[in-house]
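Down below are the structures I want you to see.
Across the two complexes that follow, chain A remains constant while its partner is chain B and subsequently chain C.
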Partner chain A sequence: MTRSFLARNPSVLIFIGLLAVFTLCVTLMSEAFGAGVISTSFVKTLGKTLCLCLVALAMDLIWGYAGILSLGHMAFFALGGYMIGMWLMYARTEEIVVAALSQGGLPATPEEITQGIATQIFGVVGSSDLPVIWSFAHSLPLQLLMALAVPGVLALIFGWLAFRSRVTGVYLSILTQAMTLALALYLFQNDSGLRGNNGLSGLQNLPGLADTSQDLVSIWFFWASALALALGYLTLNWVVSGKFGSVIRAIRDDEARVRFLGYPVEVYKLFLFTLTALIAALAGVLYYPQAGIINPAELAPIASIYLAVWVAIGGRGRLYGAVIGAAFVSLMSSVFTSGRLPDITLGPVRLNWVDWWLVILGLTFVAVTLFAPKGIGGLFDRLRHIAPPDRKGAPLGPDDGAFQEQEAQR
Partner chain B sequence: MTALLEVSGVSVTFDGFRAINNLSFNIGPAELRAIIGPNGAGKTTFMDIVTGKTRPDTGTVTFGERSVSLLSMNEAQIAREGIGRKFQRPTVFEDQTVEANLILALKAPRSPWRVLLWKPGPADHARVRELARDVGLADHLHRKSGELSHGQKQWLEIAMLLAQEPRLLLVDEPAAGMTPAEREQTTALLVSLAKTRAVVVVEHDMDFVRRLNCKVTVLHEGAVLAEGSLDHVTRDPQVISVYLGRG
Partner chain C sequence: MRLIACLLAALLCFLPALSRAEGLAAQIVADNRAQIEKPSRQTIGPVIAAIAGSGDAMADDILSAWADKRLVIRKADGALLIATPEGPGLALMGLDGTPAGTATRAEVTELKPNAGVRGLIASALVQFTLTDPDPARRAEALSSIARDPSAETLAPLRAAITTETDPDLKAQKERLERFLTLRFDPDPTARVAAIESLGADIALDTRAALNPLLATTRMVVAGNVPPNIARPLIPGRDITEDEAYALLVGAGLAPARLSPEDQRAALVTHLSGGMVGGIALADLNSQAARDRAYTALEAAGTVPTAATDDEARAAVAAHRFVDAYVEQDRAVTDAAAAALARIDRKVALMQAADLGLDALSLAAIYFLAAIGLAITFGVMGVINMAHGEFITMGAYTGFVVQLFVPDYTLSILIALPLAFAITFGAGVAMERLVIRHLYKRPLETLLATFGISIALQQILKNVFGTQARPLTAPGWLDGALTFNDVVSISYIRIAIFVLAVIFLLFFLWLMKRTRLGLEVRAVTQNPTMAASMGINPDRINMLTFGLGSGIAGIAGVAIGLYAKVTSEMGADYIVQSFMTVVVGGVGNVWGTLAGATMIGSLQKLIEFLNPSNTLAAQTYMILFIILFIQFRPRGIIALRGRAAGD
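And then the complex of A and B:
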């Protein structure tokens, strides 16, 4: 037990090493630094994928380790994106407005600038006033704080209400779906203050860097995403490898027993729910400047279900599984839905990949759940000859989220 | 001698069925007590009330020198006050090693932040090894507890209870599913534990209760029917009629 953290968790070094090599390769092949083998838009896709891997880590912590199937974490992701998007849009519009007003000869007053920005941003929803929630949008530090505070406080309040009443299992999943749907419906309204279904756009243009090409910006964000993922992996590995990890896995399998040991189970759940919401928000902050646009459809309930599918396909309860699942499925998804794959004609049926991708994904999910509950991560167990315990089909605990026999390691 | 646990005038009704009816019960700080009674007498409900799983409709439950009321606390708070519970079915965390199970139970801070920063020191490891040795699991520390035999799981759970260092131990049918030799061992353990803390044993098996050689409380229809030595209560005509009447 005196061995160091890295010795006990060899996957951390392997993971960070692979991520570093990958980052270096992409950089050398990018338009900005090297051969230009990888297009800037694909660099952005890869950067976004790294952000999705980070959310998947959060999802694995709360579902794979603690057994809480939250189907609302993409709401926190999108909220983080909205918050950073507000600053990006405000600061960028401010530049344009100042430039336009200064052509008149006289320097513009602050009121004129604010008015100009409000008209520019909200003209599309028929308004010319800056809503109260944009009060901090002029300042990057304040808005970054909001990017963590807003999802964090929402998670804290929602989690407190849900866990205090001991809502568990499928009921909690439904509640979280309701939360993200309600939030999406609210944001779809034009008077929500976030431009309704237009969402926020032009987020790829960084204020003050109008002359910097997107080739370079995309690589910066790619680096930032890789760094965030590496730090996230390191931190979460530390969280789950000690006694804390032991407690939350115990909560997953038999929470009543954990209570009788004296652990405040509800406080742990709230802690995890909020922590993972913050990680999701951070991932969103890095994702949306690369996506360039955010609208309320990003909070659709299906987005959070995808998140669970990624973790399930990668293998829950192992952090690298979540990363592999998210990377694999989201990259496959962008390949299949790009519309560039040729259709296949099978007799009278024409197989269009864009239409059929969701069916394939759905069937894969069902197949993984039924036949390979360890997901892709199970392949590593097979390589290392780690067998599941022979429990005659019995799960490891009485709770809904408890590990099933096939998911566990002997 | 003041009582460690004092239950007085407690009643619970489930859907019109009175599971506990004006029950009063005391136990001292270092005492062994057996609770017997036919099925449905309220033995398990009594334990549920003391450990916070069930809230009584009326009555008071107080614990410790300062007589703190347990009724306003949740299960975790009551456990931290010093009440440990052993279930009938062995409940250990099957996906974790014997060592991890024991470390979970060790008396230490329980809040998320403190647990996140907590690291087992040499003393903690020594304590874990000592507990494992006491229950014959010293060679199994690094095995997943799900792999243990039924009897070994029972012993692991007992070791986990000891690691919690409770002042009151509630034990539900410890003899169930044990071999005669293990029963002997369990009896000796319970008797020695009761020298330093209060132990309440709920049991069906009269032979086992006789070997515990302690004061017995007979529950019937949610209330105390008789209390005293085993010989005393088995001579009680009411007890005889309840037990014989039920067949």
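And then the complex of A and C:
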């Protein structure tokens, strides 16, 4: 019992070590600090992938450990991105507006600056007033707080409503999906105050750093993403390896029994739902400055489904599985949809990878669900010779946990 | 006989006029020769009106010749003549109707009025066409007057009513006469009578005729009080102070206010040595500092004085602002307001009825989209996220059938069973290959069917492309069942409604009256016991799933008839369909019906309250559903007892 947390969880050290080596390698090969083998855009892709790994960690915690299939975590991710995007866009536009106004001979008044910014940002949707939700956009600390507070409060309210009425299983999944859809549809309107389907753009230009090259900025964000992933991994590993972790796994396996044992199941679930929403929002905060643009399509329910796909393919119920799944599938996606792979000619039919990648992904996903519920993570079990209990034969009854043929013969 | 009567009447009508107006039109033309040769749309109006109103029998000929570019100037003597093509040359006629010989085309110059002027001429000609022997031309003249009513047309229209023989046209003329009377008659009592005779007629043209009577202008009361005030305006409540001040400026009662841009420009112009009005340039970064600097410049007399905020407020407070009717007669505006209020009440009722019809048809669509899900999800407890793609497959089946069968009615009749067969097959295949293995892991069923949905959607996209494909309804479904100007419903929606009712009846019959339904209900309630009774649950599950998918295919054909067919059309319905099933109550077809009705009417209601924004309507709808599930987690119609499961 006296052994330290790290000694009990050697995988954390291995993971952080690998991540550090990877970060170092990318840094040394980047255009900013070394050989220039890796292009800046690929550094950004890698940085974004690390952020996606962080959301996948959150998804694994809520789904793999607690058994709540949330189809709304990409909404929290995008909300975080929107919040940081508001500051980026505001501050950057402010610089431009101030520069433009100073041409006029007089120093600009605060009213003129605000008006100018509003016209610049909202001209696209035919408005020139700054909506109320942009009240904090002038300040980075306040807006960062918003980036965590908005998704956090939304998750708290939604989770409270859902869990207190004992919505579980597929109902909860559909409900979270509906929430995501509602949010996306709301943001698609022009008068939502977030520029409708134009979204927020130009986020890759950091305010005050106009002279700094994107080579450098991309590496900074890469480091930040790696650090966030490492910290996220450490925190979540700590969360799941203690008693708390045991309780949430128990909730996954038999919620009613945990409730009868006296645990406040709803509180556990609500805490977990909000915590993972916050992690997703944090990942979004780091992701969207690297992506450069955010629009309501990012919130579409399908994004959250892809998140579930990554975690399932990587292997649920183990944190490194989620990271591997997210990294593997999202990198494969960007390779296959890049349009650079040559077409395959099968007789008269030409197969274009961009067109068929989603088909492959969908079918792979079905196959993984059917034949390899442990995903890629299952390979590690095989390497370590941990075999699942082999209950050969068909079940004798239709109920869960019925004796199976060979068990019954013993 | 009728023709002769018409002509006779026309003659009788014009004879007295003829005697005193002969040659008058030619005189007017001669007086305005310069304008007529180079007419401009803005200024030619009175001249045309004068010609048309001259009562001269030649006015019609002159104006129509002018509009047809047959009014020519003879180059030899500069005379203005009417030309008629005759053989290779032209037959000429003087403006008073006397023949004036012939000419070749080279000997004359045609007047070519532009399209705008021709339009004016055409409307002036209306009075002649109102009594034209050809009913089609008379109808044309009526619609021309209705488009652009004017006081001048009132008298000819009235004159043309008594001679009208066609009952339809006569009714139209009388109706139009009332609209013109209520606007242009010089006698107020006649106008009020015309307004009151309209009753609560909700037709669009009635409202269009009444509304101009109630047009108001926003004005400041200066000197004489306008005779017919709609309502007084209190600055700050009815209009903003800025608007009120702008009215004052417009009426010349107050100096223009200084806009920030003008102030800024003035300050920049008077910048000298880094100082303006005694204030350093760098300090001018607030509005207060700029105002101080400008006041200093005003004091020095270098810039014109502009109203300050206080002065503006005082000026606004010193004046009265009103909305005044353009129409001067109080009795007329009161009558019009009363008539419009009557009409509005009736329109509101009609709109409610129309909204009800819309809601019903939307409910039918949701019901169609959801009933397949209600079977697979409600009866089997299996989430099928590929349901939306089955809907799409059904719609594409319809599209493909129409490629081969050109007759739309026949193709739809073929497409419906074919779509059922194809999606039934797809559903059975999916159940056998995937879902069968996941019955005990519902979350994974959801995910696996999602995988299938992603793959299917992309395959459909690859095969049919991303652009919308047409699925054309047969001709007899075109158009709409129109009750009046407010209430109407398109035949396609009626057809979808009928289809939904058929499916409801079919489903009820299947579940309650057939062996299959009995077995399905048995397997639903207790699979173990059902199996013991000799029912094969595997087979039942397979058939049920196929049935649910097949109905999705038929729903796809129906939805494709009015929505555009794309690979994503099914996905648009999937969340709403699940909501319908969940809200209605799982495992009960009446629940699905109730859910569809509730969601359909609610969505239409929200759209009605916020018409510009269907996206917001959907957002609020989903929020409402999330809240609704808080209070009735098992839906509107919840199963009780053992059937409810856990």
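Basically, the second predicted complex is superposed on the first by the 389 of 410 C-alpha atoms of A that agree within 3 Å, B and C clash if a C-alpha of one lies under 4 Å from a C-alpha of the other, contacts with A are read in each partner's own complex, and residues count from 1 in each chain.
Here is the rule we go by: a residue touches a chain if its C-beta (ideal position, glycine included) is under 8 Å from a C-beta of that chain, and two chains touch if they have at least 3 such contacts.
This is a predicted model, so every value here is computed, not measured.
Peer 1: Put chain B and chain C onto chain A via the superposition and say whether they clash or fit.
Peer 2: Superposition result for chain B and chain C: fit.
Peer 1: Pick one for A:259: touches chain B only (first), chain C only (second), both, or neither.
Peer 2: A:259 sits against chain B, while chain C stays out of touch.
Peer 1: Does chain B (first) or chain C (second) touch A:178, or do both, or does neither?
Peer 2: In the superposition, A:178 touches chain C alone.
Peer 1: Output check: A:106 vs chain B and chain C. Expected answer is one of first, second, both, neither. What do you get?
Peer 2: In the superposed model, A:106 contacts chain C only, not chain B.
Peer 1: Once the shared chain is lined up, is A:189 touching chain B (first), chain C (second), both, or neither of them?
Peer 2: second
Peer 1: Quick check for you: in the superposed arrangement, does A:249 touch first (chain B), second (chain C), both or neither?
Peer 2: After superposition on chain A, A:249 lies in contact with chain B alone.
Peer 1: Does chain C touch more residues of chain A than chain B does, or is it the other way round?
Peer 2: C
Peer 1: Between chain B (first) and chain C (second), which, if any, makes contact with A:268: first, second, both or neither?
Peer 2: First partner only.
Peer 1: With the superposition applied, I'd like the minimum CA-CA separation between chain B and chain C in Å.
Peer 2: Distance of closest C-alpha approach: 5 Å.
Peer 1: On chain A, what residues does chain B touch that chain C touches as well?
Peer 2: In the superposed arrangement, which is not itself an observed complex, chain A uses residues 397 for both chain B and chain C.
Peer 1: Which chain C residues qualify as touching chain A in the complex?
Peer 2: 260, 264, 267-268, 271, 281-282, 284-287, 290, 383, 434, 437-438, 440, 442-448, 450-459, 461-462, 527-528, 531, 537, 575, 578-579, 582, 613, 615-616, 618-619, 622-623, 625-627, 629-630, 633
Peer 1: Mind pulling up the chain A residues that touch chain C in the complex?
Peer 2: Listed in rising order, the residues are 67, 69, 104-112, 158, 161, 164-167, 169-171, 173-175, 177-179, 181-183, 185-186, 188-189, 191, 301-302, 305, 308-309, 312, 355-356, 358-359, 361-366, 369-370, 373, 397-400.
Peer 1: Quick check: in the complex, which residue numbers of chain A touch chain B?
Peer 2: My answer: residues 1, 239, 242-244, 246-247, 249-250, 253-254, 256-257, 259-265, 267-268, 271, 389, 391, 396-397, 403, 408, 410.
Peer 1: Sort out for me which residues of chain B touch chain A in the complex.
Peer 2: 51, 53, 74-77, 79-80, 84-85, 87, 91, 93-96, 100, 103-105, 110-112, 115-116, 118-120, 125, 144, 146-147, 160, 164
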